[in-house]
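Sending over a structure as structure tokens; questions will come in a sec.
We just call them A, B, C and D in the order they show up, numbering each chain from 1.
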Amino acid sequence: MQSFEPRDPDWQTRVRLSAARQAFMVSLGVELGDMAPGAVDLILPFRADLTQQHGFFHAGATTTIADSAAGYAALSLFPPGTGVLTTEFKMNLLNPGRGDRLIACGRVIKPGRTLTVCKSDVYGLTSEHRVHVATGLYSMICLEGLDD
Amino acid sequence: MQSFEPRDPDWQTRVRLSAARQAFMVSLGVELGDMAPGAVDLILPFRADLTQQHGFFHAGATTTIADSAAGYAALSLFPPGTGVLTTEFKMNLLNPGRGDRLIACGRVIKPGRTLTVCKSDVYGLTSEHRVHVATGLYSMICLEGLDD
Amino acid sequence: MQSFEPRDPDWQTRVRLSAARQAFMVSLGVELGDMAPGAVDLILPFRADLTQQHGFFHAGATTTIADSAAGYAALSLFPPGTGVLTTEFKMNLLNPGRGDRLIACGRVIKPGRTLTVCKSDVYGLTSEHRVHVATGLYSMICLEGLDD
Amino acid sequence: MQSFEPRDPDWQTRVRLSAARQAFMVSLGVELGDMAPGAVDLILPFRADLTQQHGFFHAGATTTIADSAAGYAALSLFPPGTGVLTTEFKMNLLNPGRGDRLIACGRVIKPGRTLTVCKSDVYGLTSEHRVHVATGLYSMICLEGLDD
């Protein structure tokens, strides 16, 4: 993995505050995992109300944490006083969302002044297995004065 | 818009049953809107727990109903005894998810025996305005014996 | 289709000059078709050296004119002194690239100061038939001082 | 990188024959690079007729070899008597296509009976530098009786 230099010494606090202020993330039960500059993991523990008809995580839940992990990975490299918005993304759904929890690993591929390109991989985890549920590519825009 | 011939006379019932059996759709409060063969609308009324930090619909909620509307549009053309899965999609987020409710308009672009290509457009609605929130392209796969 | 107001009175000349200066477009034999603000068509006449193994247009040729048509559609709405770059796109290939020529119809979905979202549809044409070969979604960036 | 088991002992010959029979690949001057099951590199030496207005590789050329490398990576894992078609893909263009040559590295992410998901990364190379030009995600379909 590439190594990145954060431009905001308080990047970890920013990511934490942003996650705490998104009602939808809180209502899904998303938790912050490991963090490094340009790399943020999110964890989504299983709940019955997050499932599709076969009892697996719904693709909407998978997609939501994948996108958020990618967004926070980008945000971790942004200068103070800016915010992040997803402008577009693409996901390939590889396997059913099976597991006790999902982990979404957001990673910056190429940082930029305006656009930052990220990827996000989602895995379904049990105590014994890890399955690759989805992979995605994201364009994140850095906006001046946007309050994250 | 193209006109399509459904291969299952009970296609409307199938779509309704599928929506009712997805716990995540129910917990978000998604409602079925208008339906025609190859075209299904979904409606998501505003709720505070579906928002991001600025009080608009979270992109994860937008994405979830966009994907589901596209999936049901595809399912409406599938033969009896088959089910639908999203294999991949791409979304461009055009405007903040502002409105009393979102409407996602799933439409089949090209039906196929194995893969059906769909689009989905999401609009934010108030009594006075309609804003184009997102547009997406989807590949839906038709699976034998998958119970929708 | 939406109607757009160009910000450069010489937008048609800009598009023509840009197409003429791209060696790859010239070597493929791409021709300009109809143009309106936010809408540019490109035409690619059949040539044996543009084919894949079954004698149809190669997807690479299809993709190239689809992207360029979308780029020119965006450029037609940009202010003077700016240029266009594709930052990302997604294509669904719907049917083999069969025909005497391909036509790519680039259309702006949402103009923006920095990013303009476009779509592009490619059709294969003969004197009797029109087949939908591909559909795509694009993010175009407007760059100050980039010489198109 | 994952390790894959080919189902066709003659997979290398199949890839070579397929590349040789695509007129567009031959006319661009594409060369085969390293190959392993699930991983194929393609090389595109610089030529003035492959450029855009600033003298770099045109995105259409970049896209063409990225797609083909991903397709051959998928084909390398297919059983005898089948062929490969790209059903859809997404590319993020990261840097201008600068270099003496481009190298596209196609890699299988998840093989499947019907659909195989691949990625492809394109780099611009000189004797001193390597720049990441583009990254893409692909869905490849395995078709019975399709002559590659």
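Here is the rule we go by: a contact is a pair of C-beta atoms (placed from the backbone, for glycine too) under 8 Å apart; a residue touches a chain by one contact, two chains touch by 3 or more.
None of the values given here were measured: they were computed from a predicted structure.
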item	value
Selected interface, B-D versus A-D, where C-beta contact pairs are more numerous	A-D
Inter-chain centre distance, chain A versus chain B - centres from mean C-alpha coordinates, in Å	23
Length of the line joining the C-alpha centres of chain A and chain D, rounded to whole Å	29
Chain B and chain D, separation of their C-alpha mean positions in angstrom	33
For chain D, residues that touch 2 or more chains besides their own	87-88, 90, 92, 117, 137, 139
Arrangement of touching chains [line / ring / star / complete / other]	complete
Complex contact set, residues of chain B against chain D	87-88, 90, 114-115, 117, 137, 139, 141
Contact set on chain D toward chain A in their complex	90, 92, 94-95, 109-110, 117, 119, 132, 135-137, 139
Chain B contact footprint on chain A (complex, rising order)	18, 21-28, 48-54, 58-61, 63-65, 67-68, 85-93, 147-148
